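Structure incoming, see below.
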Amino acid sequence: MQAASSIGTSLDFFLFVSFALFTIGAIGAMTRKNMIVLLMCIELMLNAVNLMLVTFSTYYGNGDAQIFVFFTMVVAAAEATVGLSIIIMAYRNLKSIDIDMYNQLKN
Amino acid sequence: MDSIVILFISGLVGLFAGMQKKPLLSIIIGSIGLIGAGLAAYFKGSYISPLSSYEAYVPTQGLIVILLCTVTLLAILGGYKRYAADNEHTGDYLALILFSLCGAILMAQPNDLMLFFIGLEILSIPIYVLVGIEKGSSRSAEAAVKYFFTGSFASAIILFGIALLYGATGSFQLIEIQSNLAIGIWQSPMAIIGSLFLLAGFTFKIGAVPFHFWGPDVYDGASNAVLMYMATVVKIAGIYALVNVFGQVFRDSYGFWIDLVSLIIVLSMFYGYITAWKQISFRRLIAYSSIANAGLMIFALADTHNSNLFLFVAAYAFATIALVVINSIVNDDTDSLVNWEGIAWRHPLIGIALVISLFSLAGIPPFAGFFGKFSLLWAAVPHVPYTAILALIASVIGAFVYLRLMMSALKKPSVVVRSPLSLEQSLVLSLTSIAAIGALYFI
Amino acid sequence: MAKDLTLLLLLALPLLGFAVNGLFGKNLPKIMVGSLATGVVFAAFLLATTLFSGLHGTQIVHLFNIIDFDQLQINASFQIDALSVWMTLIITGIGSLIHLFSMGYMSHDEGYHKFFTYLNLFIFSMLLLVLGSNYFVLFFGWEGVGMCSYLLISFHYNDAQKGLANSLAGRKAFIMNRIGDVGLLLALFMLLGQFNTLEFLQIGAAVQQNTALQGGAMFFITLSLFIAATGKSAQIPLFTWLPDAMAGPTPVSALIHAATMVTAGIYLTVRSNFLFELAPFTKDIMLYVGLATTLFAAFMALRQNDIKKVLAYSTVSQLGLMFVALGFGAYTVALFHVTTHAFFKALLFLGSGSVIHGMHEEQDIRKMGGLAKLMPVTHFTFLIGTMAISGIPFLSGFFSKDEIMAQALHHNSFAYVVLVIAVTMTAIYMFRLYFLTFHGAFRGGEALKSKVHESGLSMTLPLVLLAVLSIFGGLLNLPGLFFKGAAHWFDHYLSHSTFGLSEVHNVHLDFNTSIGLMLFASAVAIGVMIWAYLNYAKRGALAKEDTALSGWERLSAQKLYVDEIYHAAFVKPLLALSHFIGKVVDIQILRNGIYALADGILHSANLTRKWQTGFLSSYLFWMIFGLITFIAYYILKLSVWH
Amino acid sequence: MALILLPLVFGMIAWFIPGNISRIFGLIASTVALAWSIIAVSYFEPNEHLLVDFGLRFVRFSVDSLGFTMILLTNAVFFLVFLSNFNTSIVHEKRFTALALLMQFGLLGLFTTNTILGFYIFWELTLLPIFLILYWFGAFDKPRALLQFFLYTLVGSLAMLLSVIGLMHLTNQQTYDALLAADLQSLGNTSILLMGGFLLAFAVKIPLFPFHTWQAETYTKAPTAGTMLLSAIMLKMALFGLLKWVLPIFDGNATDFWRWPVITLGLVGIIYGAVIAIRQQNLKTLFAYASLSHLGLIAAALMLQNGDTNLISVVQIVNHSIVSIGLFLAAGIIENRLGTQQLDQLGGIAKVAPHFGFWFAVLTFVSLSVPFTAGFIGEFFLIKALFNAHTFTGILASTTLVLGAVYMLKAYQVPMFGPTKVNSFQDLHWSELTVFAILSIAAIYLGLAPHCITDFVAHSLTQPTH
């Protein structure tokens, strides 16, 4: 496979980037308090995965992964909408989007 | 496939019929859709899946679909009171449930990771909405928020795992993945880490330690009606997906992950049952007991050839639904175990169903739960004997939880209040009880 | 009538009386109940006499199988031979007299029918004991009589002040008997192990065939048998129940605790003589236990002030005497003394019963005195009994004791000396009792004195009959030096058709020795009588108050403190142990241990639920943590798995 | 096999009958069951061996003479329980009637099932009714006492479940005969472990020494009827399992391994229970410890696995049922009439209630195993077996005679004799009188003719493989 050889050298680089993105997203989701930011972090994680998928698909030279990426985007979009609406509803109830406010359910 | 189609169509129809603001109409449509889907799956019989070589192990897709449809039917019947309460949206709720059921069916029998992921999302997203169904209540909102974020976080993890697997094998087709792995790519850390990430995702879906955290809070915040659906269908779909993927595709690496799985089992059972002991809210109690039961379900992985998961999940689902229905009778808005005092005296059917379901959950003969547990352990004991012993010890603790619940429920109150059962509730209760006893004949 | 039928009828009659009185006794008039009970026993006595007259050889009457295994049969079968028939005669004969006596004695008791029910049941069990042809049936009777004795001792259980004491006495008797029974049980086990049968005759035959059994096995078997005997026959160390057993009505003391039941131990030994013959060591033990018992019991009797207690200790002492005889292997002699003792001790007890009856339940001799004039018949018969027991010449006791002394003198002079002391003490306390009761001035106060009366015919008639027996009982077994023909009739009678006894031969002293022996014995007895007469009747010495007792007297009055010692040595520790185990081990350690375990597990929930903090970020953190653990697991596993 | 299903049907019906006829119904139902079983026995050839199959995969039934004996015992016990509680409040509850009948069904199933898993299922099946009976009608001030009973039972039965699974895996057999034929010797230590699982479950039920602490408390707090059911028939499940299933199946190295440990525990239990009983102030507690002592003897003797002892142990099992029904009935009568069981508050009852005094005395002597009663035959031969096995064990075991006399006489004398402490005590109800009479007659009959049981049972015990 030519494609593979052309990208092969820098495969690790792409993978590293997507790993880094994923980790950043995860850590962000873990540390940040603002729901919107949380949502963004999770989107970031998804996109990291997308990047990785694309990388692999060029590496293998077959297109399934890229199709998958489109699905993932759609899913991400759907999640974003649902998530935002949930956030709005939550805001209506607690007048705050700081997730630390949301801990009446525990133990 | 056609069951999914039927479900989808009936969902749509229900959605539009919902505008009529006639709850009865929508429930009828929903039930028809579910029954139709079940029948379709039944007549379709066992279709030849790519994994057909393991059909002995995985029950035919038909069976799972029938189970899922039945459970959902019971769930929507049991929750009908709640849904009918605001007839603005009855149709929407039912439609959401039907849609997510399509996702569940897609997810439970994956032969393609892409399809699996989409099924997962189709299953999850409507539930995010359903959890937040109580617009007024902050608890419901919080539950929705927690479920949404943890859930999408988990799907990101699963996605990552899928990507890694793809990277290792270059395909999303499970059958191909397996064949590729079989030729020794197992040495590659990428594949293993990918599979581990997948495992994490599954564990999250069925809510086992250490990915169980969403469980109690979300169950607590959600309404009884949603709980009936969520506590059962999601788990069934998740565990079957897990069993299919790991029991089949990663079977060659059994020796690698079985210890981790055993660890998960033991942790979940002990944590679930022990923590359930101190709960004061019924839904949290059910949540923790479902964590423990998730642990038990994973036993199906111990023997990748002739494990019989079906009986157990069915028993679990029926018992849970019956209990939640009973809970919805006393705890419609509140949710506290105090109200369970003497609940069995309100109606004989309640008493019978309650005792049967609790004993079935506790795994005491001659109820379905015992045979489910038995068939799981039967397959597991030769492979992971020590895990089985620990699991049994844990289930003693579990029996304590259920027995205490039963004792408070059976306590004869000073003045006996009779509370009438609505038609569909009594239907659900009697069906579940009959199923729990009738299991005797299916073994 | 065929013998087996006779025998069955003999057994059935008391049972019939028991059943009838037990079921309908409450509704029947007292006279019917009493006469029925007495009648059946007397009828049994008549039947026994027919058996006696028609006796030749040994005959087995087989009733039915109790246990029927491949290698083990146990039958309910009975044996007719000299020994069993003789015991039957004693039991039914004396039994019927005592029944007759009780009709008068118990006439005012509300438990009248119950009393006779128990008595008949006792007679039945006693007959089982002596008639059984194997140790199993014997054991049936053995425990049966124990049960009846329990019931009868604690007969007045709801008496206002003494009720509790009575029932406790009964319990004590039952438990001590049970200890003996365990001995018998073990003996039975060993016999089964050795011979795989319990039939007397079969065991005897087996014993005679192979002599290999001598030594260890025999020693343990006979030792356990002897333990059983000590339980029933109130020997050291198990004798303390008998004095307490006097809590029962006096006829009971006469029948059970003097004439019949307590001699079961002697019967058992005689019955298994062929075993004891092979275990000389056991016989020595028996000898010395008997000596100790007879000595100490006589000593304790010296300063008792309860008329029945004196007789009780004298019974113990006499039983000890019999065991001495058995220890010498003189079985017939022992049995002879059993017979005579049955006569005069029954007589004495009934006499005391008559006294108590006349004195309105007063048993303390310090409150009596001068009764000779008030109740002449009782006095006369009691005097005869006293003389008989203390060995005044030519009364029954004289002969039977003399035989034992003769054996002692021949075998073991030390034993002889001890016996002389014991016999002397016997004479002393008996005459003390007699004189204090019937002579001197009445000490019970005028109010009582006016009410004192001679008992009715139903009570005096047995007394007279027994007195006659006590006088002439000696004729049964006259020593060889007079009338050669009639001499030793009893020995021959027994040894001819009782298994094993034909092998055993008593020593017969030469003329001079025995004459000397008799003269000495009579001299002692008469001397004591005269001394006692002078001391108590003439000088009017009285029984001292407890406070005034000197050292040895207090020792005797306090029965050598044996009860206290037993209580401190056995009862207290057992109770303490029970308390300790019950409270500490069982509750504190075991049960609370389980509770603690369960609570520990369940309360750990308080920790685990803290994990569910409720903060989303912590949930996410733990999910990441889980992922990292997964990967860490992978890294750990790498080495193992590749 | 209507014999087995009959109580189930009755139990189902009992839920729907009006409460006021429930006691009549229970009595009739148990009587019918008893009569039916008697008829069945009369048609039953002792050496034959009925097989019954409902088409279940894991549960099949087969009856041999031992099974029939236990069936008779069960039905008789339930009949007596219903009869003896006829004038107590508990039988007016149709819940009790129904539950008791369901329990009867479970027991019958246990005694007749032919598959090891069926044994386990019925073993657990009896748990539900007794639990509800104890919980509803017992006087458990705090639930922990009841839960303790369950902790023990569950731990035991789960251990048994493991053993069952292991056994079925290792032998690929599940029916009794096949398991008997299977060769467990080759398993070596595994078979020891498997047997250990069973023994744990049995040791909890019997109960053996360290596992008995549930017993006293449960017996004391339970309603009299519940106590009767527990001690008269439920404990026998374990002995039956030992006698019919475990010892024959694990015959060989496993039994040899466990023999002396179990015998030791049994002996400890004999003495331990007796010694504790001496100081007990509560009648039911005292009888509970007494039963610990008696059953220890049976269990120990069973482990010897010698043919005659097994036969006799059946007699002793029956005898213990008789005794425990009688004694707990007496205790229950006292409790009903006076509301207390503390010995120090009782006294002189025999004066005011002569009938009661008499029958209680008879039962006391039966439990003291004096001759003429079944107990004597039983204890005599069981202790003999122990004595032959090892002299010392025999001597230790025979102490039960003396200690038994100590505590039983106390238990009888203190309430019955002595100065009267109770002013009014209604004498026996006819039903109680009947029960006492039946029990005494049975005990004495068995004491004189024990072979009516031993000969019958011998057919199934001497040749286990049919």
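Points to keep in mind about this one:
Each chain gets a letter, A, B, C and D, in the order it is written, and its residues are counted from 1.
The working rule: a contact is a pair of C-beta atoms (placed from the backbone, for glycine too) under 8 Å apart; a residue touches a chain by one contact, two chains touch by 3 or more.
Since we're looking at a predicted model, the values are computed, not measured.
Centroid analysis (C-alpha atoms only) places A farthest from chain D.
When the interfaces B-C and C-D are ranked by how many C-beta pairs touch across them, C-D comes first.
Centroids built from CA atoms put chain C at 78 Å from chain B. Look at where the CA atoms of chain C average out and do the same for chain D: the two points lie 37 Å apart. Separating the centre of chain A from that of chain D, both taken as means of CA atoms, is a distance of 66 Å.
Chain A and chain C have centres, each the mean of its CA atoms, that are 99 Å apart.
Listed for chain C are residues 598, 609, 612, 614, 616, 620, each touching two or more other chains. Touching of two or more other chains is recorded for residues 145-146, 149, 153, 216-217, 400 of chain B.
Taken residue by residue, chain D touches two or more other chains at 147, 151, whereas all remaining positions touch fewer. Applying the touch criterion to all chain pairs gives A-B, A-C, B-C, B-D, C-D.
Those residues of chain C that touch chain A in the complex are listed here as 609-610, 612-617, 620-621, 624.
On the chain C side of its complex with chain B, the touching residues are 598, 601-602, 604-606, 608-609, 611-612, 614, 616, 618-620, 622-623, 625-627, 629-631, 633-634, 637, 641-642.
Taken together, the chain B residues at the contact with chain C in this complex read 145-146, 149-150, 153-154, 157, 187, 189, 192-193, 196-197, 199-200, 203-204, 210-211, 213-214, 216-217, 255-256, 259-260, 263, 271, 274-279, 397, 400.
Considering their complex, residues 144, 147-148, 151-152, 210, 213, 216-217, 272, 275-280, 308, 311, 348, 350-351, 365, 370-372, 376-377, 380-381, 383-384, 387-388, 394-395, 398-399, 401-402, 405-406, 409-410, 413, 416-420, 448-451, 454-455 of chain D touch chain C. Those residues of chain B whose C-beta lies close enough to touch chain D in the complex are 348, 355, 359, 364-366, 370, 374, 377-378, 381-382, 388-389, 392-393, 395-396, 399-400, 403-404, 407, 410, 412, 440-441, 443.
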